[in-house]
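As structure tokens, here come the structures.
Same chain, two partners: subunit A is paired with subunit B first, then with subunit C.
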Partner chain A sequence: MSEPVLCAEDVVVDYPGHPPVRAVDHVSFEIHPGEVVGLVGESGCGKSTMARVLTGLLKPDGGRIVYRGRPVLPLGLGGRAKDSTGIQMVFQDPGSSLNPRRRIGPQIQDGLDAARRRLGPLSASDGPLAAERVADLAHPSRPDTGSRPTTVTQWLERVGMDPKDATRFPRSFSGGQRQRIATARALAAAPDVLIGDEPISSLDASTQALVAYVMSSLTVAQGAGMLFISHDLSVVRLIADTLLVMYQGRVVERGPADEIWADPRHPYTQALLRAIPTPDGARRLPAVTPPGTTYPREEAQR
Partner chain B sequence: MSTGLRIEHLEVDIRHEEGTTPILRGVDLAVAPGTVQGLAGESGSGKTMTGLAAMGLHPSTAVRRGHVWLDDIDLLACAGSRLDAIRGRRIAMVFQDPSTSLHPQLTVGAQLTDHVRHHLSLTRSQARERAADGLARVGITQGVSALSRYPHEFSGGQRQRIAIAIALACDPQVVIMDEPTTALDVTVQAGVLALVRDLVDSLDLAVLFITHDLGVMSAIADRVAVMRYGEVVEDGECAQVFTAPRHEYTRSLLASLPGATGGLRTRDDLVRLAEEGGEE
Partner chain C sequence: MDAARPKRRLLSRVWRKIPPEIRMPVGAVAFVIALAWVVLCVVGPSIVPYDPLAQTLPRFSPPSSTSWFGTDELGRDLFSRVIAGARITISLALLLVTASMLVGSIIGVVAGFFGRWVDEVLMRVTDVVLAFPTVILAMVTAAALGASLFNAVLAALIVSWPPYARVVRSLVLSLREADFVSSGRLLGFSAVRSMRVDVLPNIAGPTLVMASLDIGNAALLLSGLSFLGLGAKPPTPEWGSMISAAVVNFDKWWLGLFPGLAILTVVISFNFLGDALRDAFDPEAGRV
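What follows is the complex of A and B.
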């Protein structure tokens, strides 16, 4: 197995209060290049806190994040370190994650510029020195740097948009289109890992699966890893290789997505799956768990 | 005997500087007592406007035409005190987000009793009793002590139950629910859906249930109407709409959903959908 590109090592986050709330409770996992990891759970389980820790937006109270063998330092006032632009994020609300007052072309260009600052010229055809740098700096498991889109036009085409859209403002696009643009902007920065924090939950149901697919398949095609955070297991299981199920700050089940979907072992995962209503017209009410039900916080063995 | 709610050729236009834009283009719906009529559609299809216009809660720039019959009363012809006497009493509404539809600075008891005493001539203690009964009916079992608590002291699911209790407090015949479970976690949503079904059956309620989530729709609705561009394109029995949709749009909606008939079951289905260029 390849080296993991991003590791959470025994991460703990406490939010202040009386008593403090332990939002993330000794969580460890790895994301490998070309792997889509789905992180699912309900509100308050710690999944968004985990996303903030992974990107350096929040300092953990215990444990650490390791990106390509080096610890991720929390974001300071000076902005992100050049190196950490290899971790990119797509946020939940496409209305606020793009700058409303800038045309989308320059916003995608920002991503390309970030990649250039971090990796040097992106194309091996820029000269032998550049080729050497690309080979040197690019992650070893990311061999296809040459096929990476290198212009705004190419990126817009890659996410299924019209290159002529580059001069328009975010407000002229639908939610699904804006998430495609946000994906293009994030992937243009040539990340080693893309983190999506509920990137499809504000979209119409009919576009959710498709946008999730565009996001994850392009990430994998670039040789990067992805963490896809969502509360919607029915979509995540279609795009994720590996699933992590979080409950009360702990990962209570992990394993191949297909296996967990077909055969959940942890009682919480089982309850979560039973509660998902199926659009089959059967007028079958999802199973109700009695209020106040609690589940073991130990991880299920698979 | 109530005949439920009948919406007949409801049209809504929004007036603006450059003229008017049609939002609803002649919506027909019937919600019979003891049934849940689902209203599905994507954002901008007009499903929320249908609910708001029926209740008279549409924006001031909207112009309505058509009829909304509650028994023999046309709600579109009602205004002022006449509408006040009907709304909240005979037809009520439950909104998506209970943290904004409940008043954060008033106790749950005050919100319930104010509402009840506005419509029914009850003494303070009678209203309080009715409020406690109403909470018990929706599964808030702390009884009288719950009345003196504030909305923030309850969980999201409990808050939505309280919003339902307020809607039902004056025994309305018809309740319009606009995305009542969308803000809830799936495990909490399951409980609220079971509650709605139970109330419809036991109180013979007519419920217009608006949601974009076809999984929820399939679980709760007896009949399903699908809206697009301000029109109902399909209206039928739940099983028929999901397993043998008549309209092309319904078929394309289902094709894009995980777990639906003809929808996405495996990753390969999703790859195929992406290659065919799904609708957006």
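What follows is the complex of A and C.
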């Protein structure tokens, strides 16, 4: 298997309090280029905290994040280290993922600018991923089949929006459209890793699949890795190659998505799967887990 | 957020008592009056019937067809003086509000931006200033600086910036956590760029509304200082000092009434205009 592009190594995060809350408890995993990793778990299990740590928005209390062989440093007052703009994120709330006072064109342009700053004038010496992109861009003969868009217009088209929308403000778009714009912005930065922190959770069901599909297909088409965080296993299963199940700050089960779906080993994963409603016409309610049920925090072996 | 909101002023409480369905018409009337005062502030001195400083008319003549507001103890036309006074009071009030907003915003942004001990120090200073009764502190400062219009503005500035600092700081703090600010940082924005592009444009609206609410109060504070002899000096046609001169001739009702009405209409119209603006910008805010 290829070198991982992003590794979490024994990450620990404590939130202050009496006693402190351990939000993330010794979590390690890897994301490889072209791989979609799904991270599922209930609210408060540490998923979003993990996302913020991976991007450097939050400093871990233990362990570290390694991006392309180098540790990710927490964000300070200065700009982010140039090369770490290769980690991008799409946030949960479509109402606040875009600046309401700026037209969306310039906001997507920020992503393109970040790519240009990091990859320079697109020289092949920036590593194999950059080399691939240069090769990609060098083929104008195939403008729309996987090559990376290089303008705001192209990006808007790529996420299924009208290029004329570039001059409009975020308020004139629906939640699903905003999440697609936010995706375009993040992907325009040519990330090696895209982290989606419940990017579809607040969208209605008909839009969820579209946005999830747009995100994962465009990410994978760029050869980037992706971490897709959700509490909804049924959507994650469709796009993820690998699945991580988190419970109370720990990864309790991991493995290929299909295998976990077919044969969950950990009692918590089994409960998650039972809780998914099935539209089979049988009018069965999903299994209800009694409040207060606890599960072992040890990782299940596969 | 709520903790940082300054105490609701009397006139804002009055505004809440106005039935919602006529608030916008009332706001429109307030806008017209405020606009009229601003226009008079610009053109007033050139359209008045008499020179506001000329002592050529009979003394203490009551309002008449030649001298609408009457004349004062030195035979000056009161109507001309009240209109000419608009330029002094309103322009200084605007200057004061602008300066308070700038000083308060800078302090608020710095506190919210750097956080930790910088925030701690700046907010304690703000609290100390807020803890003093506004008018008393302004009086003491103006007295210490010496009586002049400029010093009155300076003294008023010292007591007027803290509410802005508090509100701007809390806005910066809440925006710093906003997702679009984080995503800007992830795209490599420096903290300064993030402030300029993502944070400041989003706090401008609420801050300007707050400033518009403050214009009437600024006019009142400046007139108050002049009334106490700590601002404009005679013969400057300033409303506060005109009322002050009228106190000794209280039987000549027109001397105090007209400058007083001028202050009243300015304070009420700008306050209601500000409230109407806030309702228009943020319809939810009025219902809490």
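Keep in mind that, in the parts below, the second predicted complex is superposed on the first by the 276 of 302 C-alpha atoms of A that agree within 3 Å, B and C clash if a C-alpha of one lies under 4 Å from a C-alpha of the other, contacts with A are read in each partner's own complex, and residues count from 1 in each chain.
Just so it is clear, contacts are C-beta pairs under 8 Å (C-beta built on N, C-alpha and C of every residue); 3 or more make two chains touch, one makes a residue touch a chain.
Quick caveat, the model's predicted, so the values are computed rather than measured.
A.B. asks: Kindly say whether there is room for both subunit B and subunit C on subunit A in the superposition, answering fit or clash.
C.D. replies: Partners fit side by side after overlay.
A.B. asks: In degrees, to the nearest 10, note the angle that opens at the C-alpha centre of subunit A toward the centres of subunit B and subunit C.
C.D. replies: Approximately 70 degrees at the subunit A centre.
A.B. asks: Figure out whether A:S28 sits in contact with subunit B (first) or subunit C (second), or with both, or with neither.
C.D. replies: neither
A.B. asks: Taking the superposition as given, does A:S2 touch the first partner, subunit B, the second, subunit C, both, or neither?
C.D. replies: neither
A.B. asks: Quick one: classify A:A182 as touching subunit B (first), subunit C (second), both or neither.
C.D. replies: A:A182 sits against subunit C, while subunit B stays out of touch.
A.B. asks: Could you say whether A:T167 touches subunit B, subunit C, both of them, or neither, answering first, second, both or neither?
C.D. replies: Neither: A:T167 stays clear of subunit B and subunit C.
A.B. asks: State the minimum pairwise Cα distance, in Å, between subunit B and subunit C in the overlaid complexes.
C.D. replies: The answer for the closest subunit B-subunit C C-alpha pair is 11 Å.
A.B. asks: For subunit B, which residues count as touching subunit A in their complex?
C.D. replies: 42-43, 139, 156-157, 185-191, 193-194, 197, 212-222, 238-243, 252-254, 256-261, 263-264, 266-267, 269-271, 273-274, 277-280
A.B. asks: So in the complex, the part of subunit A that touches subunit C is made up of which residues?
C.D. replies: 55, 57, 75-80, 82, 85, 87-93, 96-102, 110-111, 113-114, 117-118, 182, 185-186, 189
A.B. asks: Which residues of subunit C touch subunit A once you look at their complex with the stated criterion?
C.D. replies: Listed in rising order, the residues of subunit C that touch subunit A are 178-191, 193, 197-198, 201-202.
A.B. asks: For the complex, which residues does subunit A have touching subunit B?
C.D. replies: Subunit A residues touching subunit B: 42-43, 160, 174-177, 204-207, 209-210, 213-214, 217, 231, 234-235, 237-239, 271-272, 274-289, 291.
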